[in-house]
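Reviewing the structure listed below.
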Amino acid sequence: MKEILISSLLGIVILTADILKLRKVVFAVVLLGLAALAGSCIMDWGHNEIPFAEKGKMLIFDNFALAFTFVISVVSFLWFFMTKESFSSNTTRTDLYALAAFSICGAVVMVSYSNLVMLFLGVEILSIPVYVLAASDKKSFVSNEAGFKYFFLGAVASAFLLFGIALIYGACGSFDLNIITEKITAVGSMPGLFIVGSMLILAGFAFKISVAPFHMWAPDVYQGSPTVITAFMATIVKAAAFGGMFRLFSTTLSPMLAQYALVFALMTGLTLIVANVIATRQTNSKRLLAYSSVSHAGFMLGAVMMASSMHYKYLIYYVFTYSIASLTAFTALNHVSVFQGGDESTDAFKGLVKRNPVMAGAVTVSLLSMAGIPPLSGFMAKYFVISNVLNGGHIWLVIIMILTSVVAMYYYLKLIIAMFTPLENAGRIAVSGAQKMMYVLMTILLVALFFGASALEVVKW
Amino acid sequence: MLTNYAFWFLSFLAVFSALGMIFSRNPVFSVLSLIVTFFSIAGHYFLLNAQFLAAVHIIVYAGAIMVLFLYVIMMLNLNTLEEEKKSLFAKISAVATAGILMLVMVGAMVKADEITVVQQASNIDVGLTKNLGMALYNDFLLPFELSSVLFLGAMVGSVYLSKKELA
Amino acid sequence: MLALLLIAIPVLMAGASFLLGPKLAKPLAFITGIAELLLTLVCIWIFQKGDTGHLLQFNKQWIGPLGMTFNFALDGISLVMCLLTALVSVLVIYSSYNRSFRNPHVFYGLLLLMAGSMIGAFTTSDGMMFYIFYEFALIPIYFICLIWGRGEQKSQVTLKFFLYTLFGSLFMLVSLLYVYRFAGSFELSKMYAAGQAMSTAEQGLVFAGFFIAFAVKIPVFPLHTWQPATYDMAPTAGTMMLGGIMLKMATYGIIRLILPMVPDGVSEYGHWAIALCAISVVYASMMAITQKRYKLLLAYSSVAHVGLLAAGILSNNAQGIQGGVMEMLSHGILTVGLFFVVDILESRMGHDNIDKMGGIREVNPLFAFLFFAIVMGSVALPATSGFVGEFLLLLGLNQYSPILTAVAGLTVVLGAVYMLRSFQSMMLGAANAATATFAALTKHEKTVLIIVVVLVIVLGVYPSPILELSNTSVENLLPGVH
Amino acid sequence: MEQLAILIPLFPLVGFLYITFFGKGFSKNFIGGLTSATILLSFITSVLVFTTQMSGAHPTIVKMFNWIHAGNFSVDIAFLVDPLSSIYLLFITGVGFLIHLYSIGYMHEDEGFSRFMSYLNLFVFFMLILVLGDSYVTMFVGWEGVGLCSFLLIGFWYKDMKNNDAAKKAFIINRIGDLGLILGMCMLFSYTNSLSFNDLFITGDEASGLPDSAATTIGILLFIGAMGKSAQIPLHTWLPDAMAGPTPVSALIHAATMVTAGIYMVARSSALFSASETASMVITIAGIATALLGATIALTQNDIKKVLAYSTVSQLGLMFVALGMGAYSTAVFHVITHAFFKALLFLGSGSVIHGMGGEQDIRRMGGLKKYMPITHITFLIGTIAIAGVFPFAGFFSKDQIIAAAFEHNKVVFVLSLIVSALTAFYMFRLYFLTFHNKFRGTHDQEHHLHESPKVMTIPLIILAVLSVVGGFIGLPHAVGTSMGMHWHWLDHYLHGTVEMTSSDIHLNAELMLMALATVIALGGIYFAWNKYKKKGELALEDKDVKESMHVLAANKYWFDELYESIIRKPVDSLSKFFGKTVEPKIIDGLVEGTGSLVQNAGEKLRLVQSGKIFAYATITVIGVIILLLMI
Amino acid sequence: MEQELLHGININHYLGLAAALFSIGALGVLFRRNAIIMFMCVELMLNAVNLTLVAFSKIWGQTDAQVFVFFIMVVAAAEVAVGLSILMMLYRNMHTTDTNVLNLLKN
């Protein structure tokens, strides 16, 4: 219960603080709130609390929800540090903070719902502020375009999701996941409407997590949005979407998943191929990272595909390591492009190792982690997925995963090479700042390497 | 029997006005067509014993949302005939895609028509305001409260996007 | 426990090197290398005393449900490989001692990191850990090449190198996972049992996966094209690490993973692999003959040598494997020697073009003498370490296929052709204007070359300590082999 | 006493190491003395070892340490002392010592003197390892070691690229042979699980149990090794080129010792070779062909050393004929006598060259006998010995070969008679052209002509004496009995070490053969005398070569050109083809092609990402349609 | 079990109608380039869903679906608010609502 209260009140507190002219404390309030969110996740661990149980069982904070909420709050915590230097103007800053906080609230709902109504509301609470955030650089044409594309296509996808929910309701007569599950198990086979509904829900989720062929918006939106917002979308929004998806497909829709695993596998394969292959030709580093993000979505979809047999902790591990790595990359990109006068091309990274060695180091680690080079945490994450997919017997998919990660390595290396290439003209400025943040992120990545995997064992899931 | 005819009448009205919305060149006409569609959908709600919903539907959609649209169209002065640039291929592919979508959806749902769980005798009172209110404030209290967060978010967002930068 | 220490020393010191900065880098690295060498010798001493228990092993469950274990064990083969790593690392560090370059602390840190990771691969007894160490070793060397490499093309070359080897090793991952499905653990002993229980066709597939991975790293024709350019572009120390130790992970992998895990697959399909290795020997030798630049020549010569090495090991008998172990050590030392010679040549001449030199022997007889001794080791003259290895390899391979032995044996002739041809044209004849001023060897250069030559001869004349070290372990690992 | 064998190779090794590492400040005389002394010590030890063997001691293995051990393969660094090795020891150290001594004088003026002497020591060391090794592998150490020294010494004057090329050629052709030897060893091991002579031939007899086909394969492979080392067709081309080295080297390595290693090896493996008719046949054919080839080419050569080189090739061929006939001890016998007289001839020619100030062309010589009397006499003795005139050393050994051929194969017999006639002819041609008639060199050369110093002539004299009496160790039956001496002492001595074929040739037939051989030799001598002494003809200039046989011989049967065009050029152009086309275009082309394929695909695919909302929406809807269709 | 919601009209008719409206909405999204019209089409699609839900509500005799329709309306209103403000902003910058101009981000 604490979680939903904290997350929903956080945005309101921010707005209140803004009204009370307490803008200086806003940042502290946000951090405090997120820390409280993370803390309450730990405190409630294992309680399986249902908030307002007597008023309909809409949410359940089981370990799954708490774990995802924890990851979301930690990543958000770090993300807010990233915003500190980017949201320059004080007036807009609180607005954006509030929007991000609302979105986080939606994320919490999305990972903890136990009713399709909440799923839909969660998706929208998560998305609507992000539409605004994507367009938040009002003067920038690309930001406008990104915002509009995201909003519009998101709305269409919501319609599909809704239609799916409606059909499932039609088949089962309830929005409550437990009741639906009971009905389905009672009948023994899936009603036709249920399957159609599941497919439409899948389409809606596929859009949110940006897997092919529903990924088209992602590169454009990621590229056009302000870098900070891109980082938000690539990490928190994605984590929440995957949480919601995994929750649905590991429980209620698992019969559908079992029957149509091939669909998931095809989508995974297509995503990996398309995203990685296109990424090789990108020169804009933000767009490149966007495609990289899409390809990671493919991997995580592979995890969702195995939802019935695979423990969610591996997905969480993946989401977490991927989020931290992306956050590192985007933070660096943000700094670099600021110092390069908005240049986001891969060439902007040239000579970064001289201009800001710590940043170069952190980005290198994060890119290698995303590429899945052992023993970095990204490798572990991918390994968990691959080994599960292999256990599921989809050998061809494993081979695609492996071949495309070589392709992925290619474009990550392009960035790395740029950083380690000396500059021809000495005119470029040093990139300063973000040192502490980089240290922190790098430390987390490395710690995830040594203890993260062990934590999967130690924690009682 | 009357309801039967009403169904078909409302359905055709909805479909035709929807098509009218799409194919009209004038945005204002589109808005008006859509309002007609909404009214016919509201009619369906009446037929389905969802009286309160029908009323809310007209108030919210026809009364608020569409007015907002109209307001924007007027403000942006879009009520002129505007030639949209699009290739023949784009038109054909759009029509074909949407057509196939409809066929597939109808096909999939017809194939899957049987609703296996037999429910109790239908409750005519379902659509009454009281029942809806009970549901909304008991079982759906939490989503009801959370939708305030949604509104707040949308509000802050709209304000943020619309306000002029101070500096 | 000591196995863990062997890995920890270089890794921790690498961290220390990053932190302490450029001033202390060289001595720190050197001391670490020496310490590592001493520790390895201590381990060998313990091993020979007959203690294979707790001192040399370390077992810990790690990621239980997914079957990873944190297991390390030192047996004879591992110890030889550790010795190789420590020895070559020390030589590499010492040989680059007088060369100045940017950010030495990062350079040596990466070097030590790489050494540590390779020690890890050599000592672990867990398939997944092997893979992790195997892959991780790529990262330091990648950056060594990228930052300190030479030439316009370096970023393309490093890219190709990295992608190619990564591509290869992912096949190993598939094979490992495939066996893991049956074994339920990555512990090698369990994987051996599971692998052996598989059908021959399955074993063949797993074998193919492993072999592709190792063939890229070794490299074996036709997967070798990354190698010459990389050797050429990398800084000398990097080339030494690449050729001296890194590719040995692959040949070691054949011994540790392929042979015990999929014996039926090897005996059924091994001839394909061995034939490729034999072709590799001849092809690379031919390529070496046409090279105009000494570094490239050495690169191809390395392909030829390791082709024979892989072929011998894959013949899956005691002579082949023991010869492989011996040849790994020998090739490591010789690689350091030869590439150091290139370094000396380049530092004085500014290039390594074979035809543009000549007559250096007249100007600098000592250098020529030491160089010649290394060349002789490289062409496997008896009483050099190269001979012991190569002879055993041929002996082993012959038991598998005399025809392929004859093909692979051409290295004896072709090796002499390209090594002598190049030696002659660089060192002998009359000195020209460019070589007339060839400076004398510095004390430090002398030391390195003399150490190499002494090692080559000592190991050639008295290789039994190494062979005895690996003998029992080979027998333990492959009970069917004799 | 056999344990002393360890010391025999140790002395020269110590000498080599000492000179190499500490020899900088010493005087040339000291260095020469020291190196010679080491060989002398070895010689003395060898004599001691030899006496024990002569008095009938059993073959002994002197083990030092285990060298290579892998699975069931085990090789020790150990020496096998038996009659065969001990007699080899004797003449290697003996002749070696004399040549060391000679070198002190011959090389005295050379700036690389100490290097030269140390190389010689190293060579002797390896040669001793070769004959002492108790297994094929240990022998192989010496085998390749002498090859190395040969390489170093041929290319001793490294500033001249020609020498280096010759050295390289020698090494590489030897390597081809070595490959055969290695493969032979590998095959042998896979059949017998051992490579030690003891297991194979002496206490065990693994070798005799080999199936016929295996014996043939192994035999031929081993023989390929011998071909390389002992310059048999088709691997003979390096030996004449090897004359680029200093003359003592030619004497020691390329006449007396190293080149006979092949004979040693085959004799050592006699049990194996006698098990295979085919292998023996191959040896015979290669041997007689080489003998003929060498002899005919020698007829046309004008370089004093080249004549001797081809003579060596020819004589080695005869030795292999003996081996092929199964007369292993005869071959060893000829090795020994040949070592004496060929060393003598080379040293003599060295003396001549020394006197002539480096001139090697016999057309520029003549009439040297009055300037260099000792050289002249000793050279004459050597010439007679090689021509095979009774009772010089060459007579007995060559006669035994001819007798063996007579017994086994009449064709070979006839051919070997021809060789023997040719030998007598070309050797005397050489002799007459060099020492008789008028001096044809420049005035300057004539002025400087002088007899060589004592340190050079003494070895000549000793070798001359040996060339005269050396044959008595293998007196034929007929002669031996009539003179009341040991007959076939060598055969008896080697009995049990190498395979023996009992000779049942009749005494009269033996005498007949001896007479025939002598007549033929004398005939050859007469023709040479007639042509070059009496008529004073000179060697033909290159442009005068007209007759077809002559053309062939003078051009060395175009072997070099043949190898150039069928081996070297194809290898080179194939390498170039690999380097220029296969590697970059095909193999790497595939790799790079895959990369660009992905990139091209990326380039095409990104066009799908058109940036148009309606397109994105269309694709999304199509995605939904596909999803629904998959139900 | 086919149950008539009205005389001769069963659930399939409603589903068909909803599908038709939904598809027409989709058609509009694909066919039109004017952002406002496209936006209205999305609203139409949502209404098709609403219609389905109400029909199901009748079948199951439950209020849940109708309550859900409220939430959909809530969301639709919020979306419209945000969407129109994005549109206004777009118009302020680009002076058109033609989505063809939105082509800066591609490939």
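Which chain is which? They are A, B, C, D and E, in the order written, and residues in each are numbered from 1.
Keep in mind that, in the parts below, a residue touches a chain if its C-beta (ideal position, glycine included) is under 8 Å from a C-beta of that chain, and two chains touch if they have at least 3 such contacts.
Just so it is clear, the model here is predicted, and its values are computed rather than measured.
Undergrad: What chains do chain C and chain D have as common neighbours?
TA: A chain counts here if it touches both chain C and chain D, which gives A.
Undergrad: Highest contact-pair count belongs to which two chains?
TA: Greatest count of contact pairs is found between chains B-E.
Undergrad: Looking at CA centres, what chain is most distant from chain D?
TA: Of all the other chains, the one whose centre lies farthest from chain D is B.
Undergrad: Give me the ID of the chain with the smallest distance between its Cα centroid and the all-protein Cα centroid.
TA: So the chain sitting closest to the middle is C.
Undergrad: Could you put a whole-Å number on the gap between the CA centroids of chain A and chain C?
TA: Taking the mean C-alpha position of each chain, the two centres sit 42 Å apart.
Undergrad: Calculate how many whole Å lie between the centre of chain B and the centre of chain C, each centre taken as the average of the chain's C-alpha atoms.
TA: Here the centre of chain C sits 70 Å away from the centre of chain B.
Undergrad: Could you state the distance in Å from the CA-based centre of chain A to that of chain E?
TA: Here the centre of chain E sits 27 Å away from the centre of chain A.
Undergrad: Measuring from the mean C-alpha position of chain A to the mean C-alpha position of chain B, what distance in angstrom results?
TA: 31
Undergrad: Got the chain A residues that touch at least 2 other chains?
TA: 117, 121, 124, 128, 131-132, 135, 138-139, 148-149, 152, 156, 167, 170, 173, 195-196, 219-220, 410, in rising order.
Undergrad: If I count partner chains per residue in chain E, which residues reach a count of at least 2?
TA: Residues 11, 15, 22, 25-26, 29-31, 33, 38-39, 55, 59-60, 62, 64, 67, 71, 75, 78-79, 82, 85-87, 89, 99-100, 102-106 of chain E touch two or more partner chains.
Undergrad: Got the chain B residues that touch at least 2 other chains?
TA: Counting only residues that touch two or more other chains, chain B contributes 86, 93-94, 97-98, 101, 105, 108-109, 113-116, 119, 139-140, 143, 147, 150, 153-154, 157-158, 161.
Undergrad: If we use the touch criterion from the header, which chain pairs count as touching?
TA: After working through each pair, the chains in contact turn out to be A-B, A-C, A-D, A-E, B-D, B-E, C-D, D-E.
Undergrad: Which bits of chain A are touching chain B when the two form their complex?
TA: Touch residues, chain A against chain B: 4, 8, 11-12, 15, 51-52, 55-56, 58-59, 89, 91-92, 95-96, 98-99, 102-103, 105-106, 109, 115, 117-118, 121, 124-125, 128-129, 131-132, 135-136, 138-139, 167, 170-173, 183, 187, 191-196.
Undergrad: Which chain A residues qualify as touching chain E in the complex?
TA: It is residues 117, 120-121, 124, 128, 131-132, 135, 138-139, 141-142, 144-149, 151-152, 155-156, 158-159, 162-163, 165-167, 169-170, 173-175, 219-221, 223-224 of chain A that touch chain E.
Undergrad: So in the complex, which bits of chain C are touching chain D?
TA: 160, 163-164, 221-222, 224-226, 283, 286-287, 289-291, 317-319, 321-323, 359, 361-362, 376, 381-383, 387-388, 391-392, 394-399, 402, 405-406, 409-410, 412-413, 416-417, 420-421, 424, 428-430, 461-464, 467-468, 471, 474-475, 481-482
Undergrad: In their complex, what parts of chain D are in touch with chain B?
TA: It is residues 614, 618, 621-622, 624-625, 628-629, 631 of chain D that touch chain B.
Undergrad: Show which residues of chain D lie in contact with chain C when the two form their complex.
TA: Chain D residues touching chain C: 65-73, 77, 137, 140-141, 143-145, 148, 151, 155, 158-161, 164-165, 168, 171-172, 175-176, 178-179, 182-183, 185-187, 189-190, 571-572, 574-576, 578-580, 583, 587-588, 590-591, 595.
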